Amino acid sequence: ELPLALIAGPCQLESRDHAFEVATELKDITSRLGIGLVFKTSFDKANRTSANAARGIGLEAALPIFAEIREKLGLPVLTDVHDAAQCAPVAEAVDVLQIPAFLCRQTDLLVAAAETGRAVNVKKGQFLAPWDMKNVVSKITGAGNDKVLVTERGASFGYNTLVSDMRALPVLRETGMPVIFDATHSVQQPGGQGTSSGGQREFVPVLARAAVAVGVAGVFIETHPDPDHAPSDGPNMIPLREMEALLANLIAFDRLAKAT
Amino acid sequence: ELPLALIAGPCQLESRDHAFEVATELKDITSRLGIGLVFKTSFDKANRTSANAARGIGLEAALPIFAEIREKLGLPVLTDVHDAAQCAPVAEAVDVLQIPAFLCRQTDLLVAAAETGRAVNVKKGQFLAPWDMKNVVSKITGAGNDKVLVTERGASFGYNTLVSDMRALPVLRETGMPVIFDATHSVQQPGGQGTSSGGQREFVPVLARAAVAVGVAGVFIETHPDPDHAPSDGPNMIPLREMEALLANLIAFDRLAKAT
Amino acid sequence: ELPLALIAGPCQLESRDHAFEVATELKDITSRLGIGLVFKTSFDKANRTSANAARGIGLEAALPIFAEIREKLGLPVLTDVHDAAQCAPVAEAVDVLQIPAFLCRQTDLLVAAAETGRAVNVKKGQFLAPWDMKNVVSKITGAGNDKVLVTERGASFGYNTLVSDMRALPVLRETGMPVIFDATHSVQQPGGQGTSSGGQREFVPVLARAAVAVGVAGVFIETHPDPDHAPSDGPNMIPLREMEALLANLIAFDRLAKAT
Amino acid sequence: ELPLALIAGPCQLESRDHAFEVATELKDITSRLGIGLVFKTSFDKANRTSANAARGIGLEAALPIFAEIREKLGLPVLTDVHDAAQCAPVAEAVDVLQIPAFLCRQTDLLVAAAETGRAVNVKKGQFLAPWDMKNVVSKITGAGNDKVLVTERGASFGYNTLVSDMRALPVLRETGMPVIFDATHSVQQPGGQGTSSGGQREFVPVLARAAVAVGVAGVFIETHPDPDHAPSDGPNMIPLREMEALLANLIAFDRLAKAT
């Protein structure tokens, strides 16, 4: 089994400079810690709670930045796609296409992502049982692409609340694909602030530790130099300056989990 | 307050003849009962549990059939759209564009549907609190379209199960838009049959009666001459021959609810 | 099928005079409306959220008041019991023993209540599936008592929230016992005010109407002349002055439900 | 912070010899591993799903066996109590009184347990938010007893299913009391086998590892030489022969969790 990998970055691609700042810092941290890094950021927040919320810089502006990060920093890049037509152009600039949780059953999107040949990371819908992800994975592998990652990011639990069922991790592993635990969105409180989602940043290390102890291929953690002023997911992003200590701790748990 | 309206039809548009058979029968029933009817059917089941499940005849084959139903039977037609590019062509052939529950927060799809000028029926996501639908409605009205319907179709309740919270109906009414109760998908058991969703048809009349007593503008009920052999949602569709008695009963409850 | 019956009264037995005031008023209302009434009040709130909350006047002080209400007003009386030893003495003063929801699986309490020969009203636990109430009913009938009522009062739905699943009513009816819908506790927000439970009084008529339309033997509604100053369940009790209009409406729905 | 402690034993006290067999084996295992052990077994299963299920040997027969285990094996003993009157006699024979989850808000039971002066382990109700346990703890400390343990054992998640919310562990820690994770009942499927509860034994190590990584004072694990033939909780008990390896693994995670 491979050691823990990290998918991380700011929720939104705010600007070229902002992305480089965070990516460079994350590269330094993961180099010191000796773990793999995939840089994640979104060019479009296509399903914000409110239409008035900031959506990001958009596909066209983002693709050259993704390409530059890959080239200058040597980092693989992951971003999310929202409709089938985006998959091919995005695939030219990134290494991993991510399917958002709400869209995890949209067959055309899954097939279009698969057909790019890039790795596809599918988030499990908040409305989906973990054993039903095998059907989702089949939609991608059936399109001829075996490079699939499956990500747990919480299940609906009453209104405006998610719960992380740690039993889901071994169930997802039965798909045969690497399992990622998204500690950032698992502590989201969907719609919990009226016109935006709330979050409970203090539980990111709690749930990440639990998931790594159970055993995962990687963790997904959004981070920002100043989360309280981030345009989205601020309440559940981890300050960038806290990432190294958190990751060092998770790596220790990962080693133990994979040794036993 | 207007009397109860019905949105009904077979889950999938299986063929021209099949659609006409069901639409004609529903038109006869609702004429006898004196209630309004919107004919609903889907040209594409874009988020089936499994990639191997039948998806329908597709957009191009469907549009002329929709147009023919409207012209020959004089019925308004509703169908669901799955991405922004579909909205304009579909709007030329139908009266109501429906946003599927999983997609109820996809801003681009909501805006594209709104911009057609057609009425838009948005299903509340299984993962969404009823009070959060005001943000969804704002995305449509903010794009200049006030002809919005909001539909309750169940909330996630553990795995493979939905629950219908009747408190959601008055909460949804606070959006100012007509509220529809989807009795068919509220009794769905998502993913509950391994590679397809299960359902509990016997609870359709139970939940429909409860919702109508609470007070709704309309009910959404999928129906089929032979549900057990339907390509999708068979376990939760009502046999066509049972529709008239069910509707007669719901109309009695609707009159009482709106008189008091 | 018998017409709708009412179980009602103030949550707590605050004093003899308070109980008589409410019971007399409820007797007048139900006489005018022509429906049956069981007067409900509790001598002890044995499971308050906080130890500092008012619990009530206690068993010994309550029994003579129960007896006096039965004798002077000719009303059957219902109260809840919390341990097996209370059943026999309470049974001498009341007509119906009620098993609280948290205690619905405590075999000794169920058997002791059954053995008094009085009717037993069991509330379904917030943690219990409706189909599991058949086992609860069997504990009572197995002890030789067939006078059982089963009451729906909401199911846990995330934290501090309940949801009323209307499908539960026909499932409970399969026990063969009369089914009661408790509209008061179904809108409780357990523990929702830090050291006491909150509630959503505005949804009592909503859920009661839904349940009566589905079909129940009776409704359970707590009421108080001044709910906002009641010692317990104030947020979800209906003001006494609103009861007659609410009941008149529910009776109309009940007649329709039982005629069809 | 103290190292991980274990509360373990067979669900039911089946016989003196059976209890000694399991207790002796657990004592040997925990001695080898160098961790503390509290021996747990129940003299009465007072809330079985069905009245026909085996309840155990009863209070009178159990007390001398508890006393003998304490004396001969030198082990502290824990057992659960179901009504206030049991507390004093049970307290003479055991070290820890346990309050079952369904009963965690029964004030009289909590106070009676507190007044024995013995340690009290309260299980969090399946219907209770973790932050509401502070009120439960206050009922015990308010009665003058500060020796309280709080146990997480799953929250209701739809019907016949529980989910373990790992965020509950740090929330419970805010009560100031040691937090125990009950890995056995967290994988229970309440009522899931019609007339008895089901369980998912394979998830005991998964959830226990997650909880220990988050940080707990102890784990609660029921075990049996032959779980498939045990009179209760068989589907979720761990075979006794697997306990040592499981515990050794949990101890490694506990050391790491408490060092970081």
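By written order: A, B, C and D. Residues from 1 in each chain.
Here, a residue touches a chain if its C-beta (ideal position, glycine included) is under 8 Å from a C-beta of that chain, and two chains touch if they have at least 3 such contacts.
Since the structure is predicted, the reported quantities are computational estimates derived from the model, not experimental observations.
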{"item": "Both-way neighbours, i.e. chains that touch chain D and touch chain C", "value": "A, B"}
{"item": "Between A-D and A-C, the pair joined by more C-beta contacts", "value": "A-D"}
{"item": "Cα superposition angle of chain B on its copy chain D, in degrees to the nearest 5", "value": "180"}
{"item": "Rounded Å distance between chain A and chain C, as computed from the means of their C-alpha atoms", "value": "48"}
{"item": "Centroid distance [mean C-alpha coordinates] between chain B and chain A, Å", "value": "33"}
{"item": "Chain centre separation in whole Å, for chain D relative to chain A (CA means)", "value": "37"}
{"item": "Per-residue overlap in chain A, given as positions that touch at least 2 other chains", "value": "155, 157, 159"}
{"item": "Chain C residues touching chain D - in the complex, by the definition given at the top", "value": "46-52, 55, 82-85, 102-103, 105-108, 110-111, 125-132, 135, 138-139, 142, 155-156, 159-160, 190-191, 195"}
{"item": "Chain D residues touching chain B - in the complex, by the definition given at the top", "value": "157-159, 161, 163"}
{"item": "Residues on chain A engaged by chain D in the complex (per definition of touch)", "value": "155, 157, 163-167, 169-170, 187, 200, 203, 206-207, 209-214, 249, 252-253, 256-257, 260"}
